[in-house]
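Shared chain: subunit A. Partners: subunit B in the first complex, subunit C in the second.
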Partner chain A sequence: MYRQFFINTFVEMFTYRAHFLLWRLRSIIAFLAVFFMWNALFMQREAIAGFTKPEMFTYVILGAFLSMVIFSAKSGVIADEIKDGTLSVYLMRPVGYFRSWFMRDAADKLFNIGASILELSVIIYLLAPPMSLSTDGVYLLLTMLSICVAIVMFFVLQIAVAMAAFWLVETWPIRFVYIVLIQFFAGVMFPLSIFPGILGAILQYTPFAYLVYIPVMIYLGKYDILQSIVQIAIGILWCIVIWIGAHILWKKGLRLYSAVGR
Partner chain B sequence: MKTIKRYLSVWFRLGTYATESALLTRSSALTLLIGKFLRFGILISFFLVVLSGGNTLAGYTQTQILLFFMTFSLIDNLTQFLMREVYRFRGYVISGSLDFILLKPFSALFRSLFGGVDILDLPLSIVSGAAVVWLLPQVMSDPLLIIGYVLLICAGLCLATALHICVLSCGLLILEVENLILIYRDLTNMARIPISAYADPLRTILTYVIPIGIMMSFPVEFILGVLSVEYIPFVLLWCVACLIAAQRLWKYALSRYTSAA
Partner chain C sequence: MTRYLRLCKVLWQINIKAMRAYRGHTYMMFFTTLGWSLIAFGAMYFVTYRVDKVFGLSRAEILMITSVYGLIMGIMHTLFTANFERFSQLVNRGELYGILIKPVSAQFLVSVLRIHPLSLMRLCIGIAFILLLISQFSISITLTNVMLAIPLLFIGAYMLYCVWFICNMIVVWFHTVDNMMSFMIQASNIGRYPPEMLFATRNVWAFLLVPLTLFSAVPARVMMGTSTLTEIVILCVCALAFHAGSQFLWKRALRSYVSGGV
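Now for the complex of A and B:
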């Protein structure tokens, strides 16, 4: 049954092609801004914050790919569905609300994986940046695992933030702060280790770091195998904690829910 | 003069309504403000960290890059403060509310552009402006250069207006506003750093085709002596041309509006 949600979303994305193309264009612009900023920063330097030029370009490109895939999600509208009462329709159906959203997000991501690979391949071909590619099978496996954690992490974060809709009149402000936090603390624009001292250390252990920063650092071999496993375990722990928190909020929120708007 | 007074009065009244609406839920307004300042603070911290110890970006020092960023922030926030109504335009078109705007005895373009100021962008505009005033004496060689800097900032705001008119026109022609305005925002975000940091042909596109470079980078480049004074008349002419072209596009788009909603 949940496969149908996946298929429907996939078909829907083919229907709204212009919207998808504009979204892709936005992703490319954001990537180019970050890429050229680092290119300019490396003009007179060999290394920044422990990253060589090939390592930084690999970080930026892989980070861009992960952000394009992980942040592609339909579940951003859950808060709107709670606010306008559309949630009632789903509550009456014999389907798990979150499971159906997970399938929709999965379809969105699959669509974006294809587009991102194509776009980034063309960009890499045109710009020919120096890169530091990993061929170690163990690290590749650990990177894949950390990406899976990142996908689940983003989904549970989306749900946790959406739960605010049960209590707040306006959900956009909370969502705006959440977007700002993700924009910077996931590590898409810069590696979090660039910040010195305790600030840098704290930023590396927030849930946002597990979305992009940790998977790319594992890929680059900045952590040894044991450290990588520990990071993945911490990521899983964060997912469980956030999911439990979101679930408690969901249960409490449903008691308050009055289907206003329907 | 009488017309300007009337339009100012209308702008002030509409602005008051928009401000009252924005501040209706105080906690929401405060949260949005925190988000805006957080983003601003993180970017400043990033530039401070990455350019510490005499490091440069595209040949510019830390103070110069901060001036680029503050000038960007000033123009960007002022634009959003004045032209937030553009973000709501699609709703007016698809709901048919635009018909009521067209019936009013003042310019529909004025109403669609400036009809709803966003008071939440004003604090950051003031902070950016204050930072610019603080940074300018540290980098400029001649106080007279400020005249050119201010002229180029005004030119930047005119270009931003022209681009917003183009977005409104697209809203009428293809009913697409949100994505276009977000693409505009993404492109302007590229001017957080000097446009000269980008490689060609991107740099040329960002300077002459979508004049983000003229809007955001030229004022600082002029202050730093990178851009010569001969460019100012060219920039002003370019602004006038862009405004005329944008207004013509708006008139054309309006002539195609069918009020189908």
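Now for the complex of A and C:
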């Protein structure tokens, strides 16, 4: 049954092609701005904040790929469904609300994985940046694991933020703050280690860091195997904590829910 | 002209009243605008934290460009963003028809009907950042330079308006595209960086983005007294070219508009 949610989302994405293309173009421009900035900063120096030029370009490219895949999600509209009462329709159906959203997100991500690989391959071919590619099987496996954690982390964060709709009339300010935090503290634009002193150290342990920064650092071999496993374990722990929090809010929110507008 | 100024005055009064009526929304907007401005400036501050010079441009000059970018985006968000966000809805639902039959310039009404006075806060924050830079980096700025930079700031903003307008016209042919504004804001982000960053890539694709860096870089340099006459002329020529392009495309788009839905 949940497969149908996956298929429907996939079909929907093919329907609104112009919208999707523009979204992709937006991601490419965002990536190019960051890429050109680092290219400029590395013109006259060998290393910045412990990153060599190939390492930084690998960070930027893999970071862009992960942000395109992990942050592409349909579940951003959960808050709207709670607010306008559409949630009632789902509550009456014999389907798990969050499971169905997870399948929609999965379809969205699959679509974006294909598009991102294609776009970044073309960009790498055209710009030919120096890269530091890892071939170590263990690190690749750990990177894949950390990416899975990142996907789950983003999903539970989306749900937790959406729960605000049970209590607030307008949820966009919370979503806005959440998006800003992600953009800045997930390490999409630059590695979090670039922050000075204790600020940099603290930011590496927030849930946002596990979305992009930690997976890329594991891939680059900046952590040894034990450190990588610890980081993944902390990431899983964050997911569990956020999920429990979101679940409590969901239960409390449903008691308040009055399906306004329906 | 006087009629349009009177109309502007009325539009401002209406929008300020709307802002006062929805106070909760206004307070939330205040904090999100403040947060976003701080983050945008902070990102560039931390990226350049370990760098003194890039392509002969000092860190102060790069941060000044970012601050001027904030100023111009303040103007754009105050006057145009809300209107362009609504443009796809106007076209898709056939509501543009109602604007076309009014006895004022349709382009004017489409562009400034919805004003967002609170975004003027970005202007204030931008000015505060400039003052901070002047004191922190001991930049000597003369009154003449400031007086020269102000008209160029408006020319830069007008150029950006024309680019946004041109891109929005695509919606007339592709009704379902509703993320054009999100795309344009992302594309305009290039204005945070100096044009040298793009020239350094020696890549033809990067050169295409150069006009989008001029709107903030030229006024910033004029203010610091480091600009050349050529740069100023190029900004003015680009603004004129985009103005002509926007006029041409607007007329073409209106011919294709079918007022579907009405």
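Observations
Throughout what follows, the second predicted complex is superposed on the first by the 262 of 262 C-alpha atoms of A that agree within 3 Å, B and C clash if a C-alpha of one lies under 4 Å from a C-alpha of the other, contacts with A are read in each partner's own complex, and residues count from 1 in each chain.
By our rule, a residue touches a chain if its C-beta (ideal position, glycine included) is under 8 Å from a C-beta of that chain, and two chains touch if they have at least 3 such contacts.
Please read these numbers as outputs of a predicted model, since none were measured by experiment.
Considered on the superposed subunit A, subunit B and subunit C are sterically incompatible, since they clash. Legend: residue contacts after superposition of the two complexes on their common chain; A:39 is shown touching both subunit B and subunit C. Judged by the touch definition given at the top, the superposed model places A:19 against both subunit B and subunit C. Judged by the touch definition given at the top, the superposed model places A:173 against both subunit B and subunit C. Once chain A of one complex is fitted onto chain A of the other, the partner contacts of A:93 are absent, as it touches neither subunit B nor subunit C. Residues 18-19, 22-23, 25-26, 29-30, 32-33, 36-37, 39-41, 43-45, 48-49, 127, 169-170, 172-173, 176-177, 180, 183-184, 189-190, 194-196 of subunit A are contacted both by subunit B in one complex and by subunit C in the other.
Subunit A meets subunit C in the complex at residues 16, 18-19, 22-23, 25-26, 29-30, 32-33, 36-37, 39-41, 43-45, 48-49, 126-127, 169-170, 172-173, 176-177, 180, 183-184, 189-190, 194-196.
Residues 18-19, 22-23, 25-26, 29-30, 32-33, 36-37, 39-41, 43-45, 48-49, 127, 168-170, 172-174, 176-177, 179-181, 183-184, 189-190, 194-196 of subunit A are the ones that touch subunit B when the two sit in their complex. Residues of subunit B that touch subunit A in their complex: 25, 27-29, 31-32, 34-35, 38-39, 42, 45-46, 49-50, 55-59, 176, 179-180, 182-183, 186-187, 189-190, 192-193, 197-199, 202.
Only residues 24-25, 28-29, 31-32, 35-36, 39, 42-43, 46-51, 53-55, 174, 176-180, 182-183, 186-187, 189-190, 192-193, 196-198, 200-201, 203, 205-206, 209 of subunit C touch subunit A when the two sit together in their complex.
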